[in-house]
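What follows is subunit A paired twice: with subunit B in the first complex and subunit C in the second.
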Partner chain A sequence: MSSLSGKTFTVLNYVFLAILGILCFYPFYFIIVYSLSDPKAVLSSPGYLFPKGFTLVNYETIFSQNDVLRPFFISVSRTLAGTALTLIGCAMFAYGLTKKATPMRKFMYVVLVFTMYISAGLIPGYLLIKELHMLNTFWVYIIPGMINAFFLILIKTFFEQLPAELEEAALIEGAGYFRIFWSLVVPLSKPILATIAIFAAVGQWNSWMDNLLYNSSQSLLTLQFMLLKFLQTQSYSMKDAAMMAALGQEAFNITPQSIRMAITVIVIFPVLAVYPFLQRYFVKGIMIGAVKG
Partner chain B sequence: MGGFRLNNKLRKSMTVLAASALVFAAACSSGNSSNGSESSAPASNAAAGGGDSQEVVTLKVFISTANVPTNIIDNPQMKEIEKRIGVKLDFSPYTGGGDAKQKLGTLIAANELPDLIYNDDAETNNLLLKNDLILPLDELIKTRGQELEKNIKPGLDYSRAMFSNDTKQIYFVPNIVGDENVYPSGYDLVFQLRGDLLKKSGLSDPKSLDELLQYGIEANKLEPQTEDGQRTYLTGIPFADLNGFDYIDWNQAHYQGKALVKGFSYLDMETNTLKPRFSDPDNEFWQSMAFYNKAFQAGLLDPESATMKGQQVQDKGKALRYHLGIANWQIGWPNNEIVDKKDLVRGFIPAMLNVRTDYAQLRFSQPVGGSMKISIPKTSKNADKAMDFLNMAASFEGAELMWNGPEGYTWNMVDGKPVVKSEELTEEEKKIIGKNYLAPLMIVNGQRKNPNGWFTRYGDNSPELWVKGYSEPEKEYIQENNLEYPTQIFDRTEVVIADTSLIDPVVMDSSNSLATNETKISNYLNTNVAKVIYSKNDADFAAAKEKFIDDLKKLGIDEVMEFYKAGMEANKAKLAELQ
Partner chain C sequence: MNQPAAHAVDKRQTRSRTADWSRFRSVKLPLMLMTVPFFILVLVFAYVPIFGWIMAFQDYFPGKGMFTQPMVGFKHFERMFEDGEFYRALRNTLVLSFLGLIVSPAPMALALLLNEVRRKWFRKTIQIITSFPNFISWIIVFSIFFAFFSVEDGVINKLFLDLGIWKNPSNILADPNAAWIFQTLVGLWKGLGWGAIIYLAALAGIDQELYEAARVDGANRFREAWHISLPGMLPTFVVLFILGIGGMLNGGGFEQMFTFSNPMVVEKLDNLDTYVYRTGLQGIAFSYATAVGLAKSLVSILLLLGANAISKRINGSSVL
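Right, the complex of A and B next:
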């Protein structure tokens, strides 16, 4: 029976959540509005609700001054390939670790967890990539990050929750481990795999450090790295500002705020566009993966 | 039903196939192709002056401040360099983005150093030197670097004294040796105020900070808002930037012949000694602090200064929300905005206050070179050609090519002298001639005047062309002061450049016990300078000032200053020994 207090609570709840939602959503909205505003018109004050002097000139500037298509293509490719191979690699590895018959599985698991806490650092990592002849290749974006300890633990925990009887029944029927993995385990693990897919995809999309360190070829430039270079002129210390100004005005031209906003939109838009469709898997999967038994 | 399943299956297969094709196309693209926009024209084989064909060598170049669009830049300037000395530049080691120091670190670790390193980070340069990774250049300079010896000897001597690990050999060639930054509206070290508002207020040129404050009050009365209804202020300071407090005494110190240097000190230009900057209660820093506090009390200092970064201050400056600029870049070169809008009223002019007539730092200069140090790694297989490039960059002809581009684009030779074309260059044209990428970082000879009598930056030979870029108040300023261009007013002071080369190389090692003090003092300054300025009245300001100085002394500021003093004296002795 809905009493006055119940109704009041409901109304207040809705209001509170609406405010919270607006507070979360508004910064994104502001960025989009700013990016669609005339750069000079917003110097005095930006449009808070609607673009001030609606224009696409900021996007035109970015696309005309940079060859965006190829880096976009590289970023999409690495996101697709990286996500797929990460899922396959982590899932297969995790499945193997759940099997008691796997030799040294406990040792492998400990080594894996160890890597979450200790890293060899930048230079050893670079030397390893060099020794593996992966410098200036597309695969350096994919292979080193294929097996992720955190993803592995999530997947392994999920696999361990699946009823053992299902596998036993399949084994009795004559199915091998590979068949069981593909036909039984993977279909039942969609929530966790979707979750890992989101994590992996976002990580691949946002990554630029590997481009800086391992790839100097222009044909393998990623979108994030290209846009970072475009944003290169950030806050300078006074000394830097003075030095740059002394070298010539052209050398010191901070990218207008409106261009920065447009770059932000270009970078986050693909993720924003895809994420709502996978959100339900994310919520379900992360909770299942976190709870055992 | 079966048909539906087949279509669904077919659709899924097509999606997977398309995604795989995308991935394989990316993966199979050549990782070693260096440039998507490389010219298809064959490389020139003509050497300058000789007419003999020469092999074109591609040099890999690392520049720590690079931001180039592609590994090998194809433009008329690069083509001319290739024609003259048979050298092509490949910027693939680092084209910008991310941390250059990290990138260089990985190249060092992997032993993949390029043919030329341009690096302004003292720590990594020291690493290269101490680990014997770079060549001593004395022999190469003797055989292939005559222009370096001829034109930048002070820079080479300085490098020998300061950056040779006491071996007295030349490991680093500095860039832009002898540069003096002269440009018509170069208000980089001086105040600039709204000439139109000064005239309307009826006040005369301010000769002190108090008179400048008075101008601020009157200007605010005359123009309390911009055309868009935004509130105006005297100025804003980006305290949220690292070392934003450097803006405080930027002008007043320079007017009194003091350069802002390390060790929390001033370099006194007249005596070439270090003086305390923050701990002397009566000096230029505290005079400026008092000025900005009064401005705050009068509501003239942008209250958002406490949280603003440089970019926001620039944006507000461009929107003409400030009536006073501390430096050109600080307020976003508003005269350019004013001229672009064809505004015939507004404009900023220099405000010289009580500038000294004997010593005042009014122009940037690099008497023994800039912070960029150029070295040739031992692993380079093209050390000879690398030196050829440096030799060209040290010659007047080479430097002028890098400043101005080849003949025919922006200038022509008329009666044996270079004359710039009167048409304005577009941004695209500037990029085409290569001005944005090479000059001035890669120029070694930064001297302003060619021995033949013309200025090396050819625009300087035609000051009459600069008038197009002046605001109306600037034009009036030139007329009233009998000048050819606004910053010619600086020439009324005898010495306008400061030589900080003896203090610049002094570095506090992290293992030094004073290093912690230095860090604590820097943090204290970054968090507390604004608090003092935001004191609500004179009494609070005086109390805050006393506490501030007291705190700095407790943090060991005197000891840190002594360290830098000693370092500077040691460098003086080193250089004297060499000379």
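Right, the complex of A and C next:
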């Protein structure tokens, strides 16, 4: 394409896409820069490209506060435990569903797929959790969402594409289904399991609605929800005094904005660090899902 | 003579009963252990709550059993139709969904533009950067937009005031008149890049020979896009559009509207989900909120089936 209009288009295209890229990239960059800047120095005018008065004081302050350490611990725990249990549960269930010998196989599958289309709603869900005595527990973050129809379908599709001869050979040699699952199928399924693990982990890390609905206890706060409460109380009133008091002598050096930025960075950091490298797993997962769904 | 035969039958039956049990133990039992416990989880957490819909027809008092509550028929549904805040939530929901549907072709446009980029590193980089916002929570989105647009210390305000471009700071996060458009743009910022990736996958599935044939016929890139690329993406768009119609009553979703809501803007951003949350869990009107939720679920299913049926009639494609 070497015509004038072709060249013009190409230039405009690159410019437009670059602007779009900046719009998506700069906010994160700015927040990181701000969080690494001296809080007082950036009050009047922030560093737009580089930290003003590079300092780690914001992060030091945060990590010395139990108010942040505990939610951080909760978020990490739920991400690890939730991803592990979801992966095991969905993979095992999917494997069982691929075997013709499994009783009620078709019925269970239909029931499962249906869950993607209907939802009982907020209130019945809340009352169920209440009846099960799962309010204000750590496990409410993990158990209700453990079996995810979307993940299961992806895994099942993958399993069904594995060559049947491998399993048949193992069965002939007398291996039981559990053995075959753990020693044969799982190692062969690393790609799809990795994809699901990433989806599940990101979902767990970003999750906060369950915190809002079911857990009111301070000790079960997730990092996301703690950040939300922090943002919303700061937004509409200058409650600086209360926050300063909570933070003690450090108060003279820091500002609410800097703390907000630093907490935000901590919350995004795991996903931000990992995303460029794992992006193709997300894409792969969706592509398999799209073909099947 | 019958004796030996009966004996033999007995032995065979005993042997096959033992064989049955051992086959059960080695085949059916492990498979059941692998599936039934998780199936029970699904039943408990996805289906049992549906029994809770009966609350919509009761005056629910916590503490008593679910099935011993006083039945009140359609009282709560009548209340729904008389509640001004319900209509407000419904209006907001429909407007936000409608705006969402209007911008839904945007990812297709981005996919087309990205497709025209020859330099692979540039295309991949833009893809990664623009699709990243899809994987952060709405709380982070709010934190970022707050950092930029807040009236007290938002970056945009500081910058424009310092440069003298503005005389007064803009309080867009608390501006009800801008709320609908602003939230639609926020949603676009979050979802555009990832949506484009989905469509790029569709574009990758188009037969390259079509493009070559078109070029031989002298088509330029715009023609190619219009006649080949766009139709190639259309099936995906139709599926997403139908699902979007089925999700009309989600109006932007609970998470977005909850995080961005504030007293100034709630009249425009309160959607059905946040309304149910407010009246049901904060206002403890369990039965009423269940009724609203029930109505929402039923209408959504009807919308999905309806849109699907129409699509089947028009071009034979179905989502379900």
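Here is the rule we go by: the second predicted complex is superposed on the first by the 185 of 293 C-alpha atoms of A that agree within 3 Å, B and C clash if a C-alpha of one lies under 4 Å from a C-alpha of the other, contacts with A are read in each partner's own complex, and residues count from 1 in each chain.
One rule holds in what follows: a contact is a pair of C-beta atoms (placed from the backbone, for glycine too) under 8 Å apart; a residue touches a chain by one contact, two chains touch by 3 or more.
Everything numeric in this text was worked out from a predicted model, so none of it was measured.
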| item | value |
| --- | --- |
| Which partner reaches more residues of subunit A (counting touched residues only), subunit B or subunit C | C |
| Touching partner for A:Gln257 - first (subunit B), second (subunit C), both, neither | both |
| First (subunit B), second (subunit C), both or neither touched by A:Tyr29 | neither |
| Touched partner set for A:Asn136, first subunit B, second subunit C, both or neither | first |
| Touching partner for A:Leu228 - first (subunit B), second (subunit C), both, neither | both |
| Touching partner for A:Leu213 - first (subunit B), second (subunit C), both, neither | both |
| First (subunit B), second (subunit C), both or neither touched by A:Arg70 | first |
| Subunit B versus subunit C as contact partner of A:Ile123, first or second or both or neither | both |
| Subunit B versus subunit C as contact partner of A:Leu43, first or second or both or neither | both |
| Residues of subunit A contacting subunit B in one complex and subunit C in the other | 43, 45, 122-123, 126-127, 208-209, 212-213, 225, 228, 235-236, 257 |
| Subunit C-facing residues of subunit A, complex | 1, 3, 5-6, 9-10, 13-14, 16-18, 20-21, 23-25, 27-28, 30-31, 34, 43, 45-46, 89-90, 92-93, 95-97, 99, 101-103, 105, 108, 111-112, 115, 117-128, 132, 143-147, 176-178, 181, 202, 206-209, 212-213, 224-225, 227-228, 231, 235-236, 257, 260-261, 264, 267-268, 271-272, 275-276, 279, 282-283, 286-287, 290 |
| Subunit C to subunit A touching residues, read off their complex | 26-28, 30-35, 38-39, 41-53, 55, 110, 113-114, 116-117, 122, 125-133, 135-137, 139-140, 142-144, 146-148, 150, 153, 155, 158, 162, 189, 192-193, 197-198, 201, 220-221, 236, 254-255, 258-259, 262-263, 273, 276-277, 280-281, 286, 289-290, 293-294, 296-297, 301, 304 |
| Contact set on subunit B toward subunit A in their complex | 19, 22-23, 25-37, 67, 69-71, 92-99, 102-103, 105-106, 109-110, 112, 176, 181, 183, 188, 226, 228, 230, 238, 240-244, 246-247, 250, 309-312, 314-316, 318-319, 321, 327-330, 333, 337, 364, 366, 370-371, 430, 435-436, 439-441 |
| Complex interface listing, subunit A residues touching subunit B | 40, 43-45, 66-67, 70, 73-74, 76-78, 80-81, 84, 122-123, 126-127, 130, 135-139, 208-209, 211-213, 215-220, 225-226, 228-229, 232, 234-239, 241-252, 254, 256-257 |
